[in-house]
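In the two complexes below, subunit A is the common chain; its partner is subunit B in one and subunit C in the other.
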Partner chain A sequence: MKIMVAVKQVVSLDEDFELRADGRDVDPDFFVRDLNEWDDFSLEEAVKIKEAAGAAEVVAVCIGSDEADDVLRKCLAKGADRAIRVWDDAIEGSDPIAIARILAAVAKRESPDLLFAGVQSSDQAFAATGIATGAFLDWPHAAVLTQLNYTPGATRAVFRRELEGGLLHEVEIHCPAVLTIQLGINTPRYASLRSIKQAAAKPIEVLAPGDLGLSDAEIGEAGSASRVRRMFVPDKAQAQLLEGDAAAQADKLAAIIRDFKGEAA
Partner chain B sequence: MSGILIIAEHRRGELRPQTLELVTAAQALRSGAAGVSLALIGKAPDALLPALHLAGVDEIITVSVDAAEFDPETYESSVGALIQARSPAIVLIPHSVDSFGYAAALAAKHGLGFATDVFDARFVDGTLVATRGGYGQKVHVEVDFPGRRTVLLALRGNSFKPAETPATPRITAFAAPLIVSRSTPREFIELPAADDVDMTAAEFILTIGRGIGEEANVGQFRELADALGATLGCSRPIADAGWLPKSRQVGQSGKTASACKLYIAMGVSGAIQHLAGMKHVSTIVAVNSDANASIFGVAKYGVVGDIFAVAEELRKRF
Partner chain C sequence: MEQLVLGAPPTVNGNDAVTRILFEQFSAFEVRLFYAIGYAAIAVFLYGIYVQIRKYRRGAALVLEGGLWSRFGDMVSEVLSHRRLDRRDPAAGGAHRLIFYGFVLLFIGTSTITLQVDILQPLFGVRFWHGEFYLWFSLVLDVAGVMLIGGLLYMMVRRGWLKPPKLDYARPDRSPGDPDFDRPQYRREDWAFLWILVVIGCTGYLLEAARLVWLEARPEVWETRWWSPVGALLAEGLTEAGLTAHGGGELRLGLWWFHGLLALAFIALIPFTKVKHVFTSMGSLLARDPLAAQRLPRIPESLETPGVTKITDFNWKQLLNLDACTKCGRCHEACPARAVGAPLSPRDVILSLREFAKSTLEYGTLPSAAELDVHGKSPGQVAQETLWSCRTCMACVEICPVAVEHVPIIVQLRRKLVEEGAMDPLLTKTLQTIHKTGNSFGESKRKRAAWTKALPFAVKDARKEPVDVLWFVGDYASFDPRNQRVTQIFATLLHEAGVDFGILFEGESNAGNDVRRVGEEGLYELLAGANIAALATASFNRIVTTDPHSYNTIRNEYPDFGGKYPIVHYTSFVAELFAAGRLKVTAPLSYRATFHDPCHLGRYNKGYEAPRDVLKLLGCELVEMGRNRANSFCCGAGGGRIWIPDPVGAEKPAQNRIKEAAAIADLDVYVVSCPKDLTMFEDALKTTGNEGKFVVKELIELIREAT
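Entry: the complex of A and B
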């Protein structure tokens, strides 16, 4: 039994970031990189199933340059058995559709029983990569899971997806399937110092698109469904600030509350 | 190659309100692409027709399928067949939990131009340009779709006004391809309105977020909310951690705080889903130590400062 977990190294921005000279992205000098928050939950879900099953393998897969080894080490420390990273400079500029094509190629090689991805990434938030991967594999797929019942080896899984407004929807799905995992489905573990040390010694398998039978036309901008024209910092509507120390701020806030209550009375 | 195709969203026999926003969005794109059709896919699509008799829709296409409720493969095959039959230039869908489940698969299978969470779309010198957020909404990103005959756009909720002018579009039935879906929708489960609170009826909500740091701090904010006469709510991480019941979560996936008029958010940074769920509130006050927190972008009033100090001072005044 094998579960593949697609993970992304996401980027948050330094406070005073600057755009790249061509205006199509932020200057990478201002990037702060980390494991996507959603992926922490999908990895945990896979490791939980593995632990319940006794014998199973969790494979973490990341599309990214060698800087992304950090997130794969984190996955290894939290219970992934193997880590695969796919990169080539030609992947630069890939949108979620192109990334999904690469992930699907890895999944064809690995033949997992389930493939997990986060609902979305915290940086670009397309909410698309996992489900597009399902399409390239022609596997059934479902998004935004907050509960999953799956017995290793079973041909079907039952899950709940989280809808808007506090509603859940129960669905049964054939396996293998691609499932995107929502925050809160479990409580991700912290890696112990010992497991972090062990993870540092584990190998990360590095593949190029060519190893997966992918041509340059299928990846990068050429293989993408959209192309970035430009990025810009929006003129933000800003809140009217209540100035002063905490006491002065509380005075003003109290006045707003009393005003509201007067109106409401 | 022309026209705009809108895919209506519905659940449990009711039209999802975002569908009406798509009709408005389509009008701005009309000049570059002729005709607006709206597809209604469901087991008994005719039942929803009255809600869609709107100006700006030239044609309603009803598509009868087996699945009573949303199912990814049913939508992929139906919308895919519609795209092949009609070759629309643009397909508009809501950026929603349902569309998360099938939009990207549709784009991947049919080689569509594709962008999600789009809040602005227009033609610039004949080229369709869509705008979305990037890097946690710190930047806006303009994307285009070179060489794509059809572009699928999932539009962010509350970005366009809902259409409301009545009209009488023509109605066409479209035969969907028969498929056997590999997933089966079962029942809906309502979140119990636990611990006697009804967030949907609350007019004054005080919400706590990650900024409260630890569970032991929940108590003082509960006490503050009581003193203020506010209902205590929370953002997603607080409910996920189990510090407050899920029924107290507000934002897009939490309870819809539809009656809320005054909303004080303490230590809530403002994930896009949270903000989208609270955008309708007339007075939002954000208290956060991070002056760059995105919640200050939607708040009417902002307090940049330590939430514990402000809470303590506020407590003294009530």
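Entry: the complex of A and C
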């Protein structure tokens, strides 16, 4: 019995940041890196299933450069049994489709009973990687789970999804399956710094796309369905605080409206 | 008083005539019987000692720092002076002093009889216990008996009538109906202890009187009777009441056995009852760590699971601490969490664990690991809510007369909870934030020194150019908007005084003091390591900090990680600037002010006087709150509690404190000298409805006003 959990190292930004020279992303100097919040929940869900069953293996998989080892160590500290990181400079520029192709290749190699991914990543929010992986694998898949019942070894899993209007969906799915996990499905545990340090002793398996039988044409920009053209900060909308007593404020507001309509003052 | 002693009757003749009659009425069988009972009592006593020592040895190893002789000297001076017992309860201290000295004199007196009768005389033929020595002995022991009984009677009055709340054994962390809620067995034991000692004392005098009446015909007894004044008075009374010499003899024989058996039973029971505190408290004082709360223990690399899970994870000294507790209630009274109704009393943490150790570690074999787990809600276990209620303010450790060190015990228990993630979600979030950004505000490192931008002068980067004084600013003073104003004022004061100072800018991280007290040791090590590395890149003569929490950990804990620096809190530094004339009071203040001692400046590091000196220098009239200096009352923010929400509706420690200040007539300013205090008390001022009556100000702000 095995659960594979796809995790991503996301970035958040400093207050003041600069864009990269090519204008397609933020300068990495301004990144603060962390484990994607959704993936924290999906890892916790996998570890909970493992702990309830006693015998199960949780494999955390991340696609990223060696900086991403930090998030894998966090996963190991929280209870993942193994960690796999896939990287090659050629992966740079991959969109969710290319990433999903790599994850699917790892899943074929690992053949897990379930594959978890977060609903989305907090930095890019495509919300596509998990489902695209399911498509590449041609496995049943479902998105935005808020509750999951699965007994390791079972051929089916039952889960719930929240729908609009306060409705709940209860769904049964055949395994192996790809499931994307929503925030709040559980309470992720705290990984103490000590446990993270101890996890450093556990090996992280590093694979190149070639190890998975992937060619350069299948990854990076070449293997992507989309390409980022540019990243920019939109012009700020104007806002103005009207001061003075009610009459003065009303006068100013009226002036602004007249101005907006193009009327003379 | 009559003494019991193991030995053959001395010959009564000539010069030796003036001495104590011991076994004169006894048959050889009775003497042997008494000896047999005496040896049995000693055997039970020794077995009890063995069981207790075996229990302590089942704890983890610990090597005490410092020389044994200096420890011994300190312990003896504590015990003889009773200094710690007098604190905040001089009447109980005085009564205990009477009991202690009475008991010690009686013990030494009894020992001298044994010394002669059982050792010196049979082995070397030496006899000294007669004549003038004996008469002085009689007098001293009679006085000792009065001291003992007097002290005990006061303790009875105290328990029976005065009933101080701290002697109420009801627990704030249990509910009525729980098996260990108010522990009536403790009350029964207290009373049994008092009564047994009182009865032993009183029957001793009666016995003495009966002996005098019995032997009234012997001049060497009767003529010297006033050397035993209490016995002699009683003898007069008994004679008045019609007791004859024969009757005296009969009475004496009966009382002798009663008094003797009671005393031997008392000795046998010492290791099994509260009486053992006579040994355990001395042991605890001997093992005392003067920096117990200020410098928490490191986690050895070899340790599989950090902190304390099983009772045997405590070290032997901590197990001894548990047994040293005398339930005096001083910590119970001092604890700010207990005062606001939180489910924590330091006394009950200790007593709970003591019961736990007693029920698991006093038998021949150890129970399974699962049965040794001290975390939980069963009797003897400590609940999470209890542990998370602690502010690590050190009030308990500071006041404990027998050197029980509660704070490291609580933090060791918390370390286990942190490892399991068993903590408030907001605390979890804060720890993750600190790990990620190096500060508890979740702000970018780059913004740490953003407050300097508003200053009309540049603040030096101590990593880039040498400075005389390195100012460690700390999280709250760097990021909290209200505290930033104080921080800017302090920078301006330093600038105007011509101090060559600098800061570490984004190189500074949270100092880790509170992270460590939460129990997140790994994160603490990371933070301390980062700060020590940043300080290594700077060139400075000493550190000044405006944050008492940073002050404590840099001063007391960084040395364990290789960071040894001269460091002062700003209150001392400012006092120096005034003394050197670099700061001058130009507009004296006429405020009526009270000063709140921050835990980490006051109790932790004894910085009581500098802030008061400065306040007076500024012209303020200082009016003390009842709880000041060592007895200062925590604002409630310590030990990570600033990151854990307080229960809604319940009083907060800061509110309790503000109410205390509000009772001072015509108070103008409530002065603090800690960034967290400023936040806590400004909030409490509003929520207690005292806004407008007086203001909360940082001492730095008052200095600005006056200079």
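Just a few scattered comments:
Definition applied: the second predicted complex is superposed on the first by the 229 of 265 C-alpha atoms of A that agree within 3 Å, B and C clash if a C-alpha of one lies under 4 Å from a C-alpha of the other, contacts with A are read in each partner's own complex, and residues count from 1 in each chain.
Rule of thumb we're sticking to: a contact is a pair of C-beta atoms (placed from the backbone, for glycine too) under 8 Å apart; a residue touches a chain by one contact, two chains touch by 3 or more.
Everything numeric here is computed off the predicted structure, so don't read it as measured data.
Looking at the shared chain after the overlay, A:Arg189 reaches subunit C, while subunit B stays out of its contact range. Contacts of A:Ala239 after superposition on the shared chain: subunit B is touched, whereas subunit C is not. Residue contacts after overlaying the shared chain place A:Asp14 against subunit C, while subunit B stays out of touching range.
Within the superposed three-chain model, A:Lys197 lies in touch with subunit C and out of touch with subunit B [touch as defined at top]. In the superposition on chain A, A:Leu168 makes contact with subunit B only, not with subunit C. Touched residues of subunit A, counted separately for subunit B and subunit C, are more numerous for B. Shared-chain residue A:Asp27: touches no atom of subunit B or subunit C. Counting contacts as defined above, subunit A residues 15, 187 meet subunit B in one complex and subunit C in the other. By the touch criterion given at the top, residues 11-13, 15, 17, 19, 26, 95-97, 100-101, 119-120, 122-132, 134-136, 140-144, 158, 160-174, 177, 180, 182-184, 187, 225-234, 236-242, 245-247, 249-254, 256-257, 260-261, 264 of subunit A touch subunit B in their complex.
Taken together, the subunit B residues at the contact with subunit A in this complex read 11, 69-70, 72-73, 76, 95-98, 100-109, 111-117, 129-130, 133-136, 138-146, 148, 181-191, 203-204, 228-229, 236-237, 239-241, 246-247, 249, 252-256, 261-262, 264, 272, 283-287, 292, 296-306, 309-310, 312-314, 316-318.
Within the complex, the subunit A residues that touch subunit C are 14-16, 32, 34, 187, 189-197.
Partner subunit A is touched in their complex by these residues of subunit C: 299, 306, 418-421, 423, 425, 428, 431-432, 435-437, 444, 446-447, 520-523, 525-526.
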